[in-house]
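Shared between the two complexes below is chain A, which pairs with chain B and chain C, respectively.
Up next is the complex of A and B:
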């Protein structure tokens, strides 16, 4: 691996140094531009109330304070449903939905990509069509289906639809299609059955894909507020609970800034974590032809 | 020989269906059924009564109403479609470019990637609801809704006025300022695409680059002869994803939602979204057939 990376390092030397400087300058400028909202909300979370309402607003905090956070925890300790319950709801929904979706989508994508049978093509175009459908249109029928299944006001109303989300299947199929057939054939000749091939060859090879999918789904489910499907207060999500705090108005602006920082830090941390886990997979490296 | 082959094929098919089944059941119940229902809604008049909803079949009246009676439907539709056609190539280009850069080894790479993914997290809507009425929200929203919001920090009104006053051709000026105004939109919409490209770049085997290096290829050649073909299936993927993403976050969706849940014209709203859906399908079909001819599969 080390040799490879040094080799790749050398490719860069071939290119002109100034070209590199320009490229990274470009990256830096856009990166800063995109990081602005994050820096701004981090600063906001530590601003005392008088600085939050300063006009014109100041970008950086002058007198950082932790009072926003202590306000927030004070508010949370007085809620009717314990705060931990909201946190548990969100974590449970997010974890179950993400893991289930990634597993089901990969399992379904494997035959679609690598074992073409009759109807594969039609099935796949149906998936792409489903991707294009605005969720608002299907909101009412969706509610009715879930109602008939008796899942209204349970976690399943959010978790199970996440399983069937078409995006994941689509992505996984595209990635699995790039695995050379020869690898799978070799495994089959060596006597591996389909489950074995799926778990020990296909899934490790598309690791970047399913880690990416994990981030996407996590991000999506983390932001859910239960919407129309969940009524019971003790099943509501963190996002909803924190939104209620902010709805308290101007007096809660400090706590609101703290809430925003807390809510967005989890997906960002997960993102950095999973990205560090993605390493070069070698789908095409085992080939000798 | 022929017989064993047939049975194996059958077994393969059965195995495939077994792998597919859990997802398929969920999909039919939770996506296919609702979509079918919405088609039925679009062809009928829905009314809320005390016993629930009543539905009368009225044929294509809803579709006609969307085009001929609704005050803004036609305008919003054309705007949404034009927007999409302009944005998609720009987003693909930008995200492929950024992904190639972010795939290089350098210090703080993880952080840089996170920063480029940030807009996706920030725009997820959940945070916008929480972040009560401040600048961040205004910036994000104006970028999302593409409206010339006066609160927006990133628009180029002044530039446009100055250029027009200095006597430049008006259509050129408006194209330029439009492009400038799009920058934020394009960057903030590229997060997922960058991520997908990154995953794709990481599945390219380094041995290919190694071989090219030994043969004396330059970095530029390596990009066009190795990276580009190897990533081409994902360009197709990303084009489709971008179209769909633009689809679900455009003004059109807001209009459809408002028609359904503010004015309670469910039939009209379903009809609107079916028209929009057909437009997008046509665009997608054209793009798909154009690109998939160039896509390269390693085999």
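Up next is the complex of A and C:
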């Protein structure tokens, strides 16, 4: 009750205590629906094998063990392609794709946000339209385009298309619009050219936005398994390799649970550290008109 | 910089002599050389990997194409086959529309309600609760754990619970029974859907001008519901529109969850959607012409729904 009443006094008026109780109860119930599967997978990763197959199934772990992780490392050290190779593939694809996208999207967002010239409106509305359909629609011709470029079964088939991901440009342009024009004018009077202004003034100012783009692209690329684009075993990603372990079935249930925990912890940790910047960027994400 | 159009006309043209449209355009492009150079790399790739594929998909949809022979023009044949002869497509269409009609609005409203409730929490707690709600959508393949919850044997959590509590005598085949498949996919998809738009709503709520609420209280707004309808919603209309686009697009695109939970193809096509139908013809049967027809129809439905929703949302709070 104390928290609830202290909430009341802050900036908002028109709050009834019973309304608060009701709404927070609602939040609590749905919080469990959202959190249970996650809590469950954390518990599972530390369960010894006999607890994984109990009837009736038990939710929380009773005798936590690290054996699932040691099993996993044992499995990984015996793979045909060295485990480090998979890890390298994922890290390389994620890094190259993210850096390229942040640079290209910021470079394109700057003139769209701050220069008024012929075509800005059309160029931007094309991006908004691109947000309105999913990449599934273009998957087949995309494969043909990448095939024509000779990129099938190379890293580039995943990396280069990620550069032109529309959501990134959209968020970046919206964020850049709030940079005061006077600042850019002043730099111009001091003799800086457009590229210099972009690199030394605009880019440092939009740090929250490029952190957000980094997270978005990271999520997109970290989870890739190469799909139809990559078929050579030694170019496959971590996600694919770990998926193969889970596909091993019941005998691998313990290692599989450890894999699930490892795969999900990286994006979650990244989000924890960047949350406030992402929220700051999202504040400008609205569609105008 | 801003007044480039007018300055060109007034200073750039020699007295009395009208300059051509092309010349004007060229002049403009020269003035804005730097802008175009900055734009070029992104837009070149965007054209190559988004615009060109949309055009190609549209063209291929009128052909018979199997990746081996040169495409053969067949006119509207693929479209008539899709709507008149392909019963499975009609099931997929029905499932997808049902799915969008339920999870689209539901996930959208959930994104907003949770963002709105979280906004009242003290900052530290708010950051934590945001993480809890956002985590499923960024945890990759973590939805696999729903497989264990809905597993059809007695080791599945739901079956274990129901049997122990006496509601069921034998395990229920949740993911094999057409009666349950679509509902389970919906439950999991809603769980996954508090993503980008959820964050956009949180941000939008934090940026509503607090003085508006004070002014509202003086103008006679009595409770939080009135406050929500008359102040909060209209102030964050831009975020609401952005969120709608993201939620609609992702609820039309559902495929992976269905394929991984209910199998591919699912029992009696109960979990079949337009995208799984597209994947079936595109990456298994290699009927690229027909698959492109499915893709083009999907494109039209997605775009149409989004544009219509945008029109409707402009009316919120008016």
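The working rule: the second predicted complex is superposed on the first by the 231 of 289 C-alpha atoms of A that agree within 3 Å, B and C clash if a C-alpha of one lies under 4 Å from a C-alpha of the other, contacts with A are read in each partner's own complex, and residues count from 1 in each chain.
Just so it is clear, contacts are C-beta pairs under 8 Å (C-beta built on N, C-alpha and C of every residue); 3 or more make two chains touch, one makes a residue touch a chain.
Quick caveat: nothing in here was measured; it's all calculated off a predicted structure.
In the superposition on chain A, A:29 makes contact with neither chain B nor chain C. By the touch criterion stated above, A:175 is placed in contact with chain B alone, chain C being left untouched.
By the touch criterion defined above, A:21 lies against neither chain B nor chain C after alignment on the C-alpha atoms of chain A. Contacts of A:66 after superposition: neither chain B nor chain C is touched.
Once the two complexes are overlaid on the shared chain, A:220 sits against chain B while remaining clear of chain C. Of the two partner chains, neither chain B nor chain C is touched by A:95. When both complexes are overlaid on chain A, the residue A:37 reaches chain B and chain C alike. With both structures placed on the common chain, the touch criterion links A:228 to chain C but leaves chain B unconnected.
In the overlay built on the shared chain, the residue A:130 is in contact with chain B and with chain C.
When the two complexes are superposed on chain A, the residues of chain A that touch both chain B and chain C are 7, 11-12, 14-15, 23-24, 26-27, 30-31, 33-35, 37-38, 40-41, 44, 57, 104-105, 107-108, 110-112, 115, 117-118, 123, 126-134, 136-142, 144-145, 160-161, 163-164, 166-167, 169, 194, 198, 216, 219, 222-223, 239, 243, 246, 260, 263-264, 267-268, 271-272, 275-276, 278-283, 285. By the touch criterion stated above, chain B contacts chain A in their complex at residues 9, 12-13, 15-17, 19-20, 22-24, 26-27, 29-38, 41, 98, 101-102, 104-106, 110-122, 124-127, 129-132, 134-136, 139-140, 184, 187-188, 192, 195-196, 198-200, 202-210, 213, 218-220, 222, 230, 233-234, 236-237, 240-241, 243-244, 247-248, 253, 256-257, 260-261, 266, 269-270, 273, 276-277, 280-281, 284, 297-299. Listed in rising order, the residues of chain A touching chain C in the complex are 3, 7, 11-16, 19-20, 23-24, 26-27, 30-31, 33-35, 37-38, 40-41, 44, 53-57, 59, 104-105, 107-108, 110-112, 115-118, 123, 126-134, 136-142, 144-145, 160-161, 163-164, 166-167, 169, 193-195, 198, 216, 219, 222-223, 228, 239, 243, 246, 260, 263-264, 267-268, 271-272, 275-276, 278-283, 285-289. In the complex of the two chains, the chain A residues touching chain B come out as 4-5, 7-12, 14-15, 23-24, 26-27, 30-31, 33-35, 37-38, 40-41, 44, 57, 104-105, 107-108, 110-112, 115, 117-118, 120, 123, 126-142, 144-146, 149, 160-161, 163-164, 166-167, 169-171, 174-175, 177-178, 180-182, 194, 198, 205-206, 208-209, 211-212, 215-216, 219-220, 222-225, 239, 242-243, 246-247, 249, 252-253, 256-257, 259-260, 263-264, 267-268, 271-272, 275-276, 278-285.
Only residues 1-2, 4, 25, 28-29, 31-32, 34-36, 38-39, 41-43, 45-46, 48-54, 56-57, 60, 110, 114, 117-118, 120-122, 127, 129-136, 138-146, 149, 154-157, 160-161, 163-164, 191, 194, 196, 199-200, 202-204, 206-207, 210, 213-214, 216-217, 221-224, 226-227, 236-242, 245-246, 248-250, 252-253, 255, 275, 278-279, 282-283, 288, 291-292, 295-296, 298-299, 302-303, 306-307, 310, 314 of chain C touch chain A when the two sit together in their complex.
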